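Please read the structure below before turning to the comments.
Each chain carries a letter (A, B, C, D, E and F) given by its place in the written order, and its residues are counted from 1.
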Amino acid sequence: MRSTILESDIQKVVSLARDGKRLDNRQLDEMREIKIETGMSENAEGSTIVTLGNTKVIAGLKIEIGTPYPDNQDEGSISIGAENLPLAHPDYESGRPDDDEVEVARVVDRAIRESKAIDFKSLCIIKGEKVWVGYLDFYALNGDGNMFDAGSIAALVTFNNAKMPKLDAENRIIMHEYDGKLKLSRKPLLTTFVKVGGKILLDPTYLEEKAAEARFSVGTTEDGFISAMQKGVGGSFNKEEVSYMIDLAFKNSDKIRKQILKI
Amino acid sequence: MRSTILESDIQKVVSLARDGKRLDNRQLDEMREIKIETGMSENAEGSTIVTLGNTKVIAGLKIEIGTPYPDNQDEGSISIGAENLPLAHPDYESGRPDDDEVEVARVVDRAIRESKAIDFKSLCIIKGEKVWVGYLDFYALNGDGNMFDAGSIAALVTFNNAKMPKLDAENRIIMHEYDGKLKLSRKPLLTTFVKVGGKILLDPTYLEEKAAEARFSVGTTEDGFISAMQKGVGGSFNKEEVSYMIDLAFKNSDKIRKQILKI
Amino acid sequence: MRSTILESDIQKVVSLARDGKRLDNRQLDEMREIKIETGMSENAEGSTIVTLGNTKVIAGLKIEIGTPYPDNQDEGSISIGAENLPLAHPDYESGRPDDDEVEVARVVDRAIRESKAIDFKSLCIIKGEKVWVGYLDFYALNGDGNMFDAGSIAALVTFNNAKMPKLDAENRIIMHEYDGKLKLSRKPLLTTFVKVGGKILLDPTYLEEKAAEARFSVGTTEDGFISAMQKGVGGSFNKEEVSYMIDLAFKNSDKIRKQILKI
Amino acid sequence: MKQETMIDYKKDKKRIDGRKMDESRPLKIEVGVIPNANGSAYLEWGQNKVYAAVYGPREALPKHSADPLKTVIKVEYRMTSFSVPQRKRPGPNRRDQEISKVLGEALTKAVFVEQFPNTEIGVYVEVIDSNAGSRVACLTAASCALADAGIPMRDLVSAIGVGKAFGELVVDLDKAEEDAPDAVDIPIGILPNSEEIVLLQLDGLLTDKEWEIVSKLGINACKKVYEVQKEALKRKFDLSEAMEKKDSKNVSKENISKENIDKKNVEKKEVKSVKKKVKK
Amino acid sequence: MKQETMIDYKKDKKRIDGRKMDESRPLKIEVGVIPNANGSAYLEWGQNKVYAAVYGPREALPKHSADPLKTVIKVEYRMTSFSVPQRKRPGPNRRDQEISKVLGEALTKAVFVEQFPNTEIGVYVEVIDSNAGSRVACLTAASCALADAGIPMRDLVSAIGVGKAFGELVVDLDKAEEDAPDAVDIPIGILPNSEEIVLLQLDGLLTDKEWEIVSKLGINACKKVYEVQKEALKRKFDLSEAMEKKDSKNVSKENISKENIDKKNVEKKEVKSVKKKVKK
Amino acid sequence: MKQETMIDYKKDKKRIDGRKMDESRPLKIEVGVIPNANGSAYLEWGQNKVYAAVYGPREALPKHSADPLKTVIKVEYRMTSFSVPQRKRPGPNRRDQEISKVLGEALTKAVFVEQFPNTEIGVYVEVIDSNAGSRVACLTAASCALADAGIPMRDLVSAIGVGKAFGELVVDLDKAEEDAPDAVDIPIGILPNSEEIVLLQLDGLLTDKEWEIVSKLGINACKKVYEVQKEALKRKFDLSEAMEKKDSKNVSKENISKENIDKKNVEKKEVKSVKKKVKK
């Protein structure tokens, strides 16, 4: 295991935060600049690169035919994976998904799944036999913190632009042909905070994450719902801090949603 | 990871090669003596032990019923695996196939597969449902270099002698009964070289492989085709060296083919 | 790998054994006290906690629908697994089953399977298509030696009390409904010995196992059959010792069987 | 197992199993149940049944996992194959991996981790039967096991699931409620004395208004869990004192295991803050 | 996806996508695209799109992988799950393992590996979209990333696929051509200044006469690739010089990361032979 | 492959393949067949064909596997994919794991393990064809390979399968007999000079009376196996002496491998007890 972060750098971030400041001069509640590109992978049913400050993530979606789960015979499904590619940071390693990768994938998944944005019944082809399964995987291309929000934006944009594969008369996929778009009834987005030096910081960098006492992510929808929450790291939040973060998350995600979906 | 090879031994091989000599007094373009035994495994559809100098390899073939690939509904397939058993050399280890084992298996596979020696359509039993799948695995019994050519000879002889399983009326295998032989329309063989001390050596020993700047394998057929090439190890060859090796490979494999197939 | 056992403790056990004594004052042929609880897992088709001195084991059974093996089209099957949970002893580790876990699972399995206690043909639902498969797994909750006998008792009691899942008209399991009990025609039990300081000790503790020169387990049935034997550890037994242990195993298991099955 | 019936808690004024909206399922805790462990607990919570064991502080393995500033709390959350309606396959899945992570993070705040640099505390929780809420059951059990091990703690961790089902905000959802069409599941864990939140997750659709209400329900419910935890620890310590030197523990452990002796020395030097709190 | 049509390149005089027989698909390279890496490149080649990043020279891990005589170049070739028509399952397969091996071996000759004994250079290449030729795209990108990292090299590695399809010897086969019934695929990589061959593989049936012709096509095509590589590196260094001290890089990296400082010192001491060549 | 016929050995007075009840299948052993190994053996026993190789005593890897009091004997029992009627998938299964364990334990008693503390002896056995009895074939071959390696032993290990089939107690069951409805399979391995039992397993239903008879059959059969083992070792050593300095071994091994030289020195210092016994 490599670790390129120095304790002295962490201390610097903590003492800045105590004074309400950040290394990159952002406000505590300020998100880094976001850039979006889409469609780079022609083999994917949807693909997106999200740049969030120095964090860069690519997401792509493959939609395939699968078998329904025994207890949901008329429903398709989605599956979300995350990889911190060793390409993206000197601390990242290849191999089986580690705890961080599993957590971020599952939280991004929950924000979307639990919002009911995707109607799994609409992904049924033949009840009990054939359903659509959407595999969305996102990968760090440059890691500088907050894979949660970068992954969440990348996933949302990708699903929002996804093309549905076309079927022939025998319900087999016709390669490279498409049949309309995937429908998204909600546009959930995560907003992630860390607590550093007792202060709440929105959209942490990698170094801020390493300096964090605690981390908190909230998934919010455009129609006023929380769809996911996840507290992480060894510290704590009090009730007021959680309420503050939820409130801020709604405002922040509304702003980002407008930008990324051009609503 | 164990390594029993000494740097001084490597230097000895290099300086001998510079003078056009080898530790075992072979010519640079001389293959070691080959011995072939077949049929030792009665449970296999074919089996062969190849002795190439001190390198000894056993290959065996199991032919089973499988499902065709979605994009090749009327074709069976083959699969080739290689294992450097810890039984065969103090440096070999058990566990998941390492890079060397994967490479040699894939190069031996390509030489045969790409030669179109086996007509995959002839391995179809019922289109879209049942096809023959041939699993050929070869194992080092004593490792002294050039698993490529030893494996290639073992694979070719095994396929060439392979019995086809017999099917009952419901297309299930009748154990221990056979129905003719597998057909091979070409007899591809690999020939492998290394560059040591600037010289090209045919059929390297284990120590010569460790001393090699670069390695090169060519698969050739009896009717004048190259069916595979693979350059390995960190050095390089120039175009003339490649042409020299291809030429030598055709001559060498013609000679060996006669011996091992008794043509 | 952790090891909390000291060489000096082992020597103490050995010298006591030479004098015919044990650390816990038991007779050499005396089993520790056994306690049985059943039915703690409502999600299981059967579950049992066995306390054998300080050794504590939980076994549970899930019965599911599976496909028959190709060569036994009209038979269901059972599968037994064992885990030395790190919860149960400072020396135990998580991860893939180690040699000890695989051995104890397979010996407990053999004692039951080979006794023909379970009629696999009675586990057939539709020949060649659907059969019952019983997955019994047992886990150490506190490890103090003799997982063989503790696991064997837990497995026997669990199978003996197991409820069969109920099927609907289309042969699918109706969750949380049952249809009679699994039938056991024999009640095989293991009895395990170790040789310490040249003496044979019945039902070894963890420390006695570490002090053992050799280990021996015998599966015996109530109708006078041996159904399994397993010698372990690097030492040996002579023929007379084996006969002595087989004899003692029959007596010991008869006694335990009465207690645990309330016959 | 989708609940397709027309259940309406608002109309019915009570839940499927007859509970009130803010009523938990019965909770029982017993500590000191695993003789080999430095601390342990067994917990029954409705149908949920879990064991927790603590080993350490001990040498951190592998060595590179050691932290020179604090002890590392390593939690392994596992389920037996038969603890769920469909057999669970052996080996941890992604859910187990995530839960292990968040439980470890939730416990960290409760422990004075700086007191044992370069060591690890292994916390193992095993679910032997389940019916919604196994992670909060495990967290609750694990913090009792830590206290039982005499590990210096600022507080216990008390946890519960709250959320929404069939139109109502409820405490301690069971499986039928988790399968409600409008189900929201919120595992929450707190340090009960300071009300600091150390575990918090949410699945489902909830408004921020509903969160304000349900979070209060959660904190109150956690405090009731805390009472049961304290009671369990008290029972053990009262018992221990009564038995004093007549300790019936495993001979090999008491008499001869060097590691345990070392550990006990370490423990004695440390302030057992939680034990003190509990005894008050 | 077998091509069952009666395509005949000899007759048609041009290829399915309109290219001439010795014409490559459009190639674009940009270096310095991954701020965290010591060197990096992004490459688009027809539909192929790949990223390459270089970390090191750094401590070789695990320790027993270190070579006291030279740096070890560890290449990981991977494809995202969505970069191929049928979803690729997570984790490297045997093809990934073989390609990683041959790419690492191909790069080794280009690097002055003796200058950094006991270290490793991690080279990571990731395919995000593909259409035949991803390994040569990755090799080409990786050698740019090595040069961008300032690692002393005797030359770049320039690579391309050549071979045969529908009766003709062609340069830079696409997927449709790789699926031709007579397809021959020959990935080739060279040090362009010496024409030494460092990557060479072949799949398919080819005569030695055809090899003599196609190998020349390959070497010539590699040299065109080299021009694009040089151009990309030049653009970056010109830009760098222009920006000089106004470097906009990641603060954490520039100001405070000790590892990077050490590395930069190492770099400065070394002759940046490739950079020099490129700038000529 | 169940035997559904009405075979009755009691009535027939002979076995399916014509053998007498206490008759083994033909057994052939050759030692010194793997030049790279310190010791090796090839064994054919009926249809069973196995190789065994011994490497060591050598440094124990990983280091924590070393025992300061003795050498660790590590056995790997494996089957080639084509050695069984249904192709065996790559990688060891649970059966392989168990057999490796019991074989290692069986060999331990035979070796003077205290003479090589902190080392390991790697024993690798590979089944290339099988028909019931492969584990006893491997154990028999492995002990010959250990003796061939010159490792100091108190005795060889001689092993065989005994048991019951079609109503009779028999020696050396084949596959058809193992599939009998009343089959009992008892792999047994002994130190033939002391008759100490080092391997003993049983599958099936057997009375203790039957055990008393069949165990004697087993011990007697092991002693016949021992004669074949001794003969094989004798042949090799006679041959070796005849060849003396004209040793035809691998040049790289004889001339220049330091490890082997070290090992040979170790060997020379040790009493080769088994070799001595065999030569008598």
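Simple rule for what comes next: contacts are C-beta pairs under 8 Å (C-beta built on N, C-alpha and C of every residue); 3 or more make two chains touch, one makes a residue touch a chain.
As the structure is a prediction and not an experimental result, all values here were calculated from the model.
Colleague: Any chains in contact with both subunit C and subunit D?
Modeller: Under the touch definition, subunit C and subunit D have no mutual neighbours whatsoever.
Colleague: Taking touch as defined above, what minimum step count separates subunit D and subunit E?
Modeller: 2
Colleague: Could you check which of B-F, B-E or C-F has the same interface as C-D, with more than half of the contact pairs identical by residue number?
Modeller: Having compared contact pairs by residue number, the answer is B-F.
Colleague: From the mean C-alpha coordinate of subunit A to that of subunit B, what's the distance rounded to whole Å?
Modeller: The computed centroid separation for subunit A versus subunit B comes out at 47 Å.
Colleague: Centroid from C-alpha atoms only, then distance subunit C to subunit E, rounded to Å. What do you get?
Modeller: 57
Colleague: Centroid from C-alpha atoms only, then distance subunit A to subunit D, rounded to Å. What do you get?
Modeller: Whole-Å distance between the two chain centres: 29.
Colleague: Considering subunit A alone, which of its residues make contact with at least two other chains?
Modeller: Residues 97 of subunit A each touch two or more of the other chains.
Colleague: For subunit F, jot down the residues that touch at least 2 other chains.
Modeller: 1
Colleague: Should the ring be read from subunit A with subunit D in second place, what is the ordered list of chains?
Modeller: Here the ring order, subunit A leading and subunit D following, is A, D, C, F, B, E.
Colleague: Going by the contact rule set out above, which residues of subunit E touch subunit B in the complex?
Modeller: 1-2, 64, 94-95, 97-98, 100-102, 105-106, 108-109, 113, 186, 191, 194-208, 211-212, 215, 219
Colleague: Subunit F touches which residues of subunit C in the complex?
Modeller: Listed in rising order, the residues of subunit C that touch subunit F are 1, 71-72, 97, 99, 102-103, 105-106, 110, 114-116, 216, 221, 224-239, 242-243, 246-247, 250.
Colleague: In their complex, what parts of subunit E are in touch with subunit A?
Modeller: 1, 34-37, 40, 47, 49, 51-53, 55, 58, 61, 76, 78, 80-87, 90-92, 122, 124-126, 128-131, 250-252, 256-259
Colleague: For subunit A, which residues count as touching subunit E in their complex?
Modeller: It comes out as residues 2, 4, 6, 8-9, 12, 23-24, 40-45, 47, 54, 56, 58, 60-62, 64, 81, 83, 85-90, 94, 96-97, 135, 137, 139, 141-144, 175-176, 205-207.
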